[in-house]
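Two complexes follow with subunit A in common, the first pairing it with subunit B and the second with subunit C.
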Partner chain A sequence: MKNIRLLLAAAAAVAVSMPSCKMKSTAAAVEGGAASKVYVAPGKYDEFYNFVSGGFNGQVSVYGLPSGRLLKIIPVFSVFPENGYGYSEETKAMLNTTQGQVPWDDQHHLELSQTNGEQDGRWLFANANNTPRVARIDLKTFKTAEILQLPNSAGNHSSPFITENTEYVVAGTRFSVPLGAEDVPISSFKKNFKSTASFIKVDSSTGHMSLAFQIVLPGMNLDLSHAGKGPSHDWFFFSSYNTEQAYTLLEVNASQKDKDYIVAVNWKKAEEYAKAGKGKKVPAEYAHNTFDEQKQLATSVMEKETLLLDPKDCPDMVYMIPCPKSPHGCDIDPTGEYIVGSGKLAALIPVFSFSKIMDAMQKKDFEGDFQGIPILKYQDVLHGEVQKPGLGPLHTEFDGRGNAYTSMFLSSEVVKWSLKDLKVLDRVPTYYSVGHLMIPGGDTKKPNGKYLVAYNKITKDRYLPTGPELAQSAQLYDISGDKMQLILDYPTVGEPHYGQACPAELIRDKQVKFYDITKNGNQYVTMGEKNVKVVRNGNRVDVYMTAIRSHLVPDNIEGVYVGDNVYFHVTNLEQDWDIPHGFAIKNNPNAELLIMPGETVTLKYTPLKQGIQPFYCTDFCSALHQEMSGYLRVSPKGSNVPLRYGTGETAPAPTAADTVAAK
Partner chain B sequence: MKKLTKTGRISIPVVLLLLGALWLFPMWRIDLRAPQYPGGLTMQIWINDVKGDVPIINGLNHYIGMKTIKKEDFKEFVVLPVAMGVFAVLGIVVLLMGKKLPYYIWTGVFVVIAAYSFIDFYKWEYDYGHNLDPGAPIQVPGMAYQPPLIGYKQLLNFEVLSQPDVAGWCYIVSGIILASVAIYEWKKR
Partner chain C sequence: MKHSHSLAAIIIGSLLIYSCGSGPKTDSASGNAQATQAADSSMVAGGKDASSQASADEKKGTGKFTDVKLTHPLDQAMVTSGKAVYDLKCGACHKLTGEKLVGPGWKGVTDRRSPEWIMNFVTNTDEMLDKNAAAQSMLEVCMVRMPNQHLSDDDARHVLEFMRSNDNKN
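Right after this comes the complex of A and B.
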């Protein structure tokens, strides 16, 4: 009895003293002066464009830094009813795959194009994790310009990282699968399952992508990757896990070995082997979708084969570097000498030296092989280890001043350390569970070491609660001084994984403001209101329509029947910045359109019931926007209402038959 | 008939050169500014064309029922180049004759063309600003939209500034040269 009383008293004492103990409070983490550092006055521009992956929403969102203001959402792998992407006849084909239209995806990583290891502001590459695809977004228009599907891949995770001059975009598979579409037992993993590293060639002037070759690797999970730079220019590095080759209960079975590997690929050699015919051309079907800006039309081509390179036939092309333990990030410092592995289950950060790797390869000093691929000795190639950095190191970027910043998923913090002596210099908490982090240009030769953004997985108490599903969060740190300082957090769209940022001036002044209508090559363009028409061909009706402030021509259409396929080809005649028009028709089950000035976009509509269907502009374009509307008369199938259309003086006038009908 | 002084003779090619600018640069510019056009809009009037943001201005003008501004509607774009061409040929004749009287006449012709151009420009502005479509969507009672002949004016939400452009200035300088040389020649009689 006495004991119980004592215990209770002790419990009470603890409870009373709780508020006074030194538990970290999230609010206290922001120091004074932070607001002025992120304040961008009305009418002023942000310093950086920040492109953030959308995770399960399949899109890319664009924020301004340091304000954290959302500027745009770019639909990439997902249909977007807001502007008709993936719904309009012009853009439908962008989402074509060998499995038909796949109108969603899981978008994880982004990479801005580079020239000589520095950002050039031309294109942004984005990966689709689920149905393996890589997209190229044109930064003059912020539109998805191209999507390439990848064969022999599943879980396109270590993608879309690029070489220094954007020679290649890579795509490493996360889930190993049998090559082709072989029907094999899952338990034959070791024998039949392979991982591939795909190298996509990028045309230096047009940006057009083509699958150059795929390197076939043992069955394992490739996680992330980065290309070398400077001295390591010829190399690409991929982190891997599940080198145990487990195929069930991976959380245990793929965490057995003390070390997995960083896969070092000499892509220059691979390129030579491919040219020399060392590869094997095999049948493979994959979609290649391109948006032709001239014709304003996406087309989809089914590619028929791929070139496989087997390391067995290509000596000195692939090496394995042991790395503790289930490495995630695999990041190369701005000099190209240091390769930072970060084992998400490891309690240290191994840093490898490129020159030591080269020496070890030269001496052929191996500790064995992994399914025929030579394994270098850990100690031989190690520059050193960062001791006790925190828990769950995931991803490292650099500030260009000799410092590295690593995100710590488990201990929810960012840790700054020195590349030279591998000493921890500073640490700041994140809210909460940071995945990737990003410094503008932090994975290039020339980082801009002013800001760092942490992309967090959990938000909890950061914002006003919104039911069970909360916004995800990004946190902005000022890293210009010795101490990192949290200055802002802002909610993000979707689940952000990785981001890229570059100085605004790299992109800002190149923006296309409107399309020159005289260069409109869309086959359904209507050049001026005089040329509008409605044409019937069987049960297909083509409406050639124009939009200008503040009317649509024609705005009266009759003679359309239930079950017709009506194609509204709407040309926006405006030639001024920021004057899109919208187009929507009542009861249309797919979407609306947003048509940019000088552009032609087509919406398909199949009326299921008779009736008068109003159509209208959805984008508040002018003082008379509400008046920008018209009517489509849908008559019963088999009736003989003649095809008539017009606007104003040419609108259909009542006929004798109408008068009779009205009586 | 008295001969032209050296100054008089030199002034002729100088004036002809200055007038050559009419084919290289715009004569007049009208700048518009409104909150929703932070970069402003500009219409440039050339000797034979109207350029700049004309399509955008036309788009705006349709609310108030102004006529569409298009090159084809201006006989001036044919007449003025011809007039200036004839004027240039006359200048060469005056130079060859080298006499004072033809110089006075030549200056007189210039004054007539200039005066006519300004009157015509004013009439054009008046017509566009006043002759509005009675069915226009926006009608402000008592409002006309004639831009200023020269200078600044507020028209609804737009600030309008009308002024000579490069060739216009060349034209003005030509006029000043002609007038001052004519007076000089008269005094040197």
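Right after this comes the complex of A and C.
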């Protein structure tokens, strides 16, 4: 006990010595049976799925809460050698863009689909910040089902936030860019650069996404966004910075003005304007990639056109709300009445009232306009300000009990305050430099106010050191009582930006456990070992292969030459949960495959040199897993080794020529 | 021989422990007891204690099939359908001769096992492998747990008919 105290005291001392952390000791933070609150006994399930953005690794990771156990990594915008995502012939097209395959991205935010403002457990949307894209992940399979590229956009940061019934997913641009592909000087920013807010329509039954329209806004940086709910259902709110319209040394030049804006967009009106033909159709190329579950194949379509809506032609569609100072988060409380804009350089948190905003709009009481867009008066629409909440307010979520929780980047803490009277109620330290925070359902109409997770940028001294780079961290707080209590911290994969979490039962029981092989619609499926074959067509060789515990058929293949394009179409014949097979072949400058039960996946291999190339199953599948292997003989180009293949008694038998060669 | 036998027992033991987590219906506490039981190869179905209740269960196995009515002559439509299921889901591991591949050859299976046992085994594979002594002793021979291939009840019946046809039953 004494040792533990000493340890905690030491940790606290380190924490206090951190330059920007004026906080309580860690000892105080972890008292009170924290371990038992996060202990999920072996064999028991977690209470929540927590989906966390992977930041610069381009993926999404799934943790259980409250244990903090990593359950799964879902590849979305980055190739993933673990299962061949982006490498297999079936999934390559998922990463297609107008610039060819872009096999990496920077994944920042996530949003679970909603019905009537509540999570429905159907899909998870993810944004790609770098090469603007929005993905939809199917939560029955935890696979990326669709990726839509966005034209006229750069730095797809305020994305992928959704409306109450998942009518739209939005994508607001962080970098303003010229529309189209004109070659203009950077210094012509004010004249030529625009920011766009893209509205992606989501088909309510299939989830299929399509770019409905883009609203063209003055050149500035859209940062984050959230849709209204309840009374504010028709509205979308985007925070902005750099309304100075600077294009160099932004850290100084984009912090000149005392206030930037929250951009309020009436998406219902925008939808009407779009239907009424008020928009302008312009040429725009962007890729739309979908994974067909039946055919088990991703295909890419290059779209040709986009619809631009100019606020000048669409009255009452867009308004500006002044917000101090370089606002970052833009969060709407569960009732839909309060809009919290966090000025990341401000020493207060402004809270706006939706009903006051509506009044001001009706009275047309504006303080001017920003390039033609009316600006509401700050004092008219303000519900109030949270005074001295901490330094660097970034993001706010809600517990459904009238409380808001705001992350404070500079002072490394989470601050709980009351929406009603804007009084600070509690504060807890984070370790360190918290970005987003998340309450399960905390941006919906019905938050589950039990836990809060803080996603931190820096973890110095929290874990065993691992060289210059340390894992980022998530910290779990129990917020069920009056006082927040830190109960766990755990390292994360990539840099976690935002996360979403929902009760496990919303998703758990809908999981696909295996694919029915009789419904396998892959064009290269092999329905049973009787149907395996190897077919040569010019220098293309198609291997129709099967995998089952514990052999591959065929496991002897001859008559393949250097430079051939060999396609291994591997069908997993298993019909049981959690029995994937892998497939890897020596010297393949590609990846492996991981083939789910009942699925067919294709790996391309172009041998560069002659030789025997062993192949094997990479996923430990049975006691005889090591035996699950075979050989491909690659002969010199131009030799006349005949195409032969088989397993067991059908494996190629020695010929006279072989015997001679062996001698 | 003695040496390899005890090695086999260790492998089986670890196999069973490994397998216990995968079947949701499985009682994980029984892993060790089963391992001991499995190593005792005297406990095969149709053994000497055929009169006791335990052996009756042993003969029919555990699962939803307690009384399978056979038809004579064979139902040829079932045989055809059963063969199709065999080709897609079973043929990878079971030969139609008596020769063992991954799993045992099918020749004579309808003499060795009751219709109920066969249908319970193909539809309730995990539980059978964990509880049924005959299934366990086959596991000791084959070293690979039979995959649950999720055959429907009809599929299982058709496969049984195809097995009967393979055994020249009528």
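Keep in mind that, in the parts below, the second predicted complex is superposed on the first by the 635 of 663 C-alpha atoms of A that agree within 3 Å, B and C clash if a C-alpha of one lies under 4 Å from a C-alpha of the other, contacts with A are read in each partner's own complex, and residues count from 1 in each chain.
FYI, a residue touches a chain if its C-beta (ideal position, glycine included) is under 8 Å from a C-beta of that chain, and two chains touch if they have at least 3 such contacts.
Here the structure is a predicted model, which means the values were calculated and not measured.
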Contacts of A:M527 with subunit B and subunit C, given as first, second, both or neither: second
Which of subunit B and subunit C A:A623 touches, first, second, both or neither: both
Touching partner for A:V553 - first (subunit B), second (subunit C), both, neither: second
Contacts of A:K201 with subunit B and subunit C, given as first, second, both or neither: neither
Per-residue touch tally on subunit A - higher for subunit B or for subunit C: C
Which of subunit B and subunit C A:F514 touches, first, second, both or neither: second
Touching both subunit C and subunit B, counted on subunit A across the two superposed complexes: 548-550, 574-576, 622-624
Parts of subunit A lying in touch with subunit C, wherever the complex brings them together: 43, 514, 516-518, 527-530, 546, 548-551, 553, 573-579, 622-624, 648
Subunit C to subunit A touching residues, read off their complex: 11, 15, 21-22, 28, 87-89, 91-93, 101-102, 143-145, 147-150
Interface residues, subunit B side, partner subunit A - complex: 53, 55-56, 59, 62-63, 137-138
Touching residues (chain side subunit A, partner subunit B) in the complex: 548-550, 574-576, 622-624, 627
